[in-house]
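Next up: the structures, one after another.
One chain, chain A, appears in both complexes that follow, with chain B as partner in the first and chain C in the second.
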Partner chain A sequence: MDIGFIVSNAVVLACIYGTLAIGLSITWSSVGLINLAYGFIFALSGYGAWLASQYVTANGIVVLGAGVLTGALGGMLVCALAFIPIHDKPNFTVRGLIATLAISLVGTQALLWFFGPRAKNLPEIFGFWKVHLGGIILTSDKIGNVVTSIAVVTAVLLWMRSSRRGLEIRAMMMNPHAASIVGIGVRKTGFYVMAITGGLAGLAAVLLSQTYYISPFGGLTPMIKGVSIALCGGLGSVRGAVIAAIVLGLNEALTSRLLGGQYVLITQFVLIIVILLIRPRGIAGMLDRAREA
Partner chain B sequence: MSAIVALSPPPALAPAPGKRAVLTVKGLSAGYGPMRVIHDLDLIVSSGERLGLVGLNGHGKSTLFYAIAGLTGWQRGSILLNGVEVGRTRSQGPGRYTHTVVRQGLALIPQGDEIFHGLTVEEHLDSGAFTPRAWKERKARKERIYAIFPPLVKLMKTPVGRLSGGERRMVSIGRGLMADASLFLVDEPTLGLAPKIGKSVLDALMSVELEDSAMVIAEQNVALLEGRVDRVIGMHAGKLKGEASAALGFQTRREL
Partner chain C sequence: MAGAWRNPLYLWDVEGAEEEIPATPYASPQRVWDEARESKTPMLPVGRLRYYYKWPGHGGALWSRLRYWPTRRRVLNIRGEYNPKTLRREKTIVDKRPIWWALGLLAFMLAPLIMPGGYQNTLLAAGATFSIYAAINLCWMLIIGTAGIYSLASYAVVGAAAFGVSWMSIHLGLPWWALPFVGAGLGLVFGVIIAIPAIRLDGFYYALLTIGLNELCRVYTLQSKQFGSSTGGLYGADSYVPDSWDPFDQQLLSYYACFGLLLLALALYRIIDGRRLGRILKMAPEKREAFAEATGVDYRRARVWVFVVSSVGLGFIGGFYASHYRGVSFSIFGFDTVLLGLAMLVIGGIGRAEGAVVGTAIVIFLDKVMISTGPLRLVLIGLIMLAVVLLLKGGLFGIKAQFRAWRDKKKSERRSIRSEKGGEMLPEEAAETKDKDVLYWRRYDKMQRDFLKTLVSEEVIEEHRKQPLGQHSEPLERLLLYFRRQPLGDKYAITVVQPFKAYRIVAMSGQRGVAPRIVEDKIYASQNEAYHGVFLRRVQDLLES
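Moving on to the complex of A and B:
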């Protein structure tokens, strides 16, 4: 076990979990939904990519695209079931939480029913090659994972910065009431948000499947990691989520190196609790210089 | 309402001669939950008109604006905006139809700081250009806003959360003026501002060319509206009470 291997692993995981955390963070702050069905969308898009690789082609780009597309469709399904009918009813936050949890439970059981409990694996979409970099061996899937996730997340963020829909989503993230006054349709924007965050989940699912297998319940752990990173970064802040993903990824690497893998979750949550004790709004509280309210 | 001395009977429901009715409200009631704030209200606003709406806190000025935008808890009655029915009997879902009302030509400039803290001034103004036409012309429109509010030019790239109260109000009003609106509802533009800044904000509002559109300004300080608006209507306990037009030369008691 050399430190280079662990650090490169941690960076890969940080990229994937960071993608999930950004998706969760955007969902929460713009449509006000804590999407507990995110793990289900994750697993669903894994199966979508698997179906594409089995019945269409094992081409990496097609498989990746199928995963992202399935994720986007899954996100829109969750939006249609858990956001549209109840978003203007009282206590939406709690109702949405329960609705997405229900979708998650029903959905994973349905996946189990359709595909069976046996784990599936996706083809190596980035091929088989290696790079030796100063004594560290970087395999194709590691480099591919890091590059793809960073590229896609950057593209999404740039789109949110520059396009009109992105402006609408960001406006809704900051002040939903004022957004409706300006004339931004909450339901339409909700569909956009859920499709994009679902697509991010699909991306993460395909990328993670290069390391792990696809199984009906395989979305649970990534979702928990994503939620904790999003919380630590400050829900609603994209930059905070990125920094939190790096911090927690490093923590994971260092803990498993110095203490042993079984202590990872312990140090992870201790770190999150300490950060939230010092900065209740998460890491975003340190970044955000704008005056509140 | 003691502020208005020249009282006349309730306004007749017809636009001013030679003008088009921008907004026609008939039998509007609205409120939140069990509370009814607006009681069977009738109002007509004709094109090219600047209307002052005066009344104390809690007498329904903001609720009337919110009802027109579909943002109250519930409402019933008829609201015609440019001849299109935008009011409906609604029991829940505040804000669900607001964007369609805005598309019909409503610009609501809300009370206080309904702003997006993290967006820059420029992005903020962009967000007000909702209709496709306004979005295409947003550069020219922004120039117009900067001409009305020169202090904003320097702050273009600054997040709105860092601005002072007066600057925020300018951004909020500027955002409303970006739209292709035919009806501007301005809710207490001077609230919480220093008198001098409040006056300059109001002057800026007056400098907007209305042409075929109309503007309703809710305000508590009647003296500030004096000589600036065409008509003043008092609002009391969710009903319109009394009307004075500038042509009649409405008088205010200075000591108020």
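Moving on to the complex of A and C:
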């Protein structure tokens, strides 16, 4: 085990989990929904990509696109079920949380029923090649994962900064009531947001399936990692999510180097709890600017 | 010919009187009156009282009441009153829930007597499972409902205690009777550890963190050899069920032991939720914490207390769990276990003991009865959970309150539909005017005008053109009487421009000393033509009003 291998792995995982965390973070801050069906969307888009690779073509771009598209559809499904009917009802945050959990239960069991418990694997969408960089061997999937996730997340963030829809989403992040007063449709924007964050989950699913397999319950661990990063960085803050992803990735690399693999989760949660005790809204979260349901 | 009017003056050879002229048939003014008086709005029911059975009074035993130690509370909340009509003493049971609880628990206790032979094993095992899960959910309900801490790590506490206790029983030879108490100690330790972040974190941040803790426990036990990563769990703990008994007696014993655990959990719920801690926390619901704090309620401390005490209870249940199943498997840390537990709470309704117990019964029933359908049964449970969350505010046991709220809303909507206020005035004007008689006069006047509009016809106008003065047919006479009775302001009149040659229509000012204003430039050649011009103008105004 050399340090370069561990660090490169940590960077790859941090990129993928960071993508998930940014998706969760955007969802929470703009529509006020804690999307715990994210793991289900993740698994669903993995299966979508798998179906595309089986029945259409194993071309990398097509598979990636199919995953992102399925993820977006899954996000819109969650929006239609858990956001549209109850977003203006009392106790929305709790009910939305429970509704997404219910969707997750139904969805993963349906996937299990439909596809069976056997794990599937996707084709290598980035091909097979290697780069030697100062003694570290970087394989194609690592470079592809990092580059793709950073590129897509950057594109999404740029789109949110510069486009009309992005302006609407940011307005809703700041103050949903005021946004609806000035004519930004809460439901319509909710669909955009959930489609985009679902697409990010789909992207993460396809990228992670280069390392792991696709299974009905395979979305749970990535979702929990994403949630941890989003929590740690401050829900609603993209910058915080990036910092938290780096911190937790470093922690993972160091722990597995110094203590051993089975202590990774323990040190990770101790770290998160310590960070949250110091800053209850996460690294970049502000107490007073937190979204009040 | 619709109808004709015979002039009675014709027989006396009055000038200009024709024998018979066409006229509209008689229409009764009563019809307009009746139409206006009848209500057009549907008379929707707005009343309906709540029904309570009225028990007869106590008679001589008016003041003897059953109270239970150590409080001075009564078993049932009974309201005594005198019937205002018959003046007889009556009793109303305001809260019947204790009766349902007693009946339900009695039925559960007696259920093994009537279980059909073939299913006895399954049903006894399912009953024991139900009792354990109901006990866990009651403690969890204390955390979520009473303390308002969205902790999803309750099964993690149970599982941690169960794993710890099993390990001790296997390796240190702990006897079965010590397991729940050692488990309670472990629960205390875990509860305190988990409670530390709850001091600073808000609801959802904490929920997300506890999901992570749950996963941490699962992954840790799954990877560690000490906790039996190879066998799927840790088995071989000492059990309270003696091996020498025959299987049916063993099952029966475990059924009643679990029932006893359920009763203990209910007592814990009652003691915490119904007494000081619960009362304090009911004063500080979500979003009103600041108010509670300002009035001197230390809700944070109460929350942490409830959390720690429930964790001790969960640890106790964990120890019992280990001695019941002779061990524990990893599945207790699974995300699906948490989801199913949450489904139990949500379906029953968060914040009430009956919700936890009945929700558990429903989910366990679906889970055990439909076990042959595989994942579909979990899909069904998830769908029920989704429907409950989307449609109901407080789960199954909140249906009553929700239905009543909905019915009250409908009632008030109907009340507002039923009342017609203001009549011919705008509602604000009607409320502000001092002379309420004006309202009724305007209403009457409108009815009159509605009727007179029906009388205007070609025949009437033709009759008036021929003979503006003198005897007229009945409809024309009604019209003219109405026109003549109008107040002087803006009333039409004719003025002489040149006697017998030129006349003109003017309108009165209605004020002494102010001259009438000229209405139009048209010059009429004779008085009768001018009269008819006035009539036409008035008919026009009537039809336009």
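One rule holds for everything that comes next: the second predicted complex is superposed on the first by the 284 of 293 C-alpha atoms of A that agree within 3 Å, B and C clash if a C-alpha of one lies under 4 Å from a C-alpha of the other, contacts with A are read in each partner's own complex, and residues count from 1 in each chain.
Operating definition for what follows: contacts are C-beta pairs under 8 Å (C-beta built on N, C-alpha and C of every residue); 3 or more make two chains touch, one makes a residue touch a chain.
Quantities reported herein were computed from a predicted structural model and do not represent experimental measurements.
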Go through the superposed model and pick first if A:Ala80 touches only chain B, second if only chain C, both, or neither.
neither
With both complexes overlaid on chain A, does A:Ile143 touch chain B (first), chain C (second), both or neither?
neither
Taking the superposition on A as described, I'd like to know which of chain B and chain C A:Val227 touches: first, second, both or neither.
second
Tell me which partner A:Ala119 touches in the superposition: chain B (first), chain C (second), both or neither.
neither
Between chain B (first) and chain C (second), which does A:Leu157 come into contact with in this model arrangement: first, second, both, or neither?
neither
In the superposed model, does chain B or chain C contact more residues of chain A?
C
Quick one: is A:Ala99 in contact with chain B, with chain C, with both, or with neither? Answer first, second, both or neither.
second
Classify the contacts of A:Ile6 with the two partner chains as first (chain B alone), second (chain C alone), both, or neither.
neither
Taking the stated contact definition, name every residue in chain A that is touched by chain B in one complex and by chain C in the other, in rising order.
89, 290
For a test of understanding, state which residues of chain A touch chain B in their complex under the given definition.
88-89, 164, 167-168, 170-171, 173-175, 177-187, 288-293
Parts of chain C lying in touch with chain A, wherever the complex brings them together:
150, 196-197, 200-205, 207-209, 211-213, 215-216, 219-220, 223-224, 335-336, 339-340, 342-343, 346, 374-376, 378-379, 381-383, 385-386, 389-390, 393
Mind listing the chain B positions that touch chain A in their complex?
69, 71, 92-96, 98-100, 102-103, 108, 110, 113-119, 123, 126-128, 130, 135, 159-162, 175, 179
Touching residues of chain A toward chain C in the complex: what are they?
34, 36, 81, 85-86, 89-91, 93-95, 97-99, 101-106, 109-110, 112-113, 217, 220-221, 224, 227-228, 230-231, 235, 261-262, 265-266, 269, 272-273, 276-277, 280-281, 290
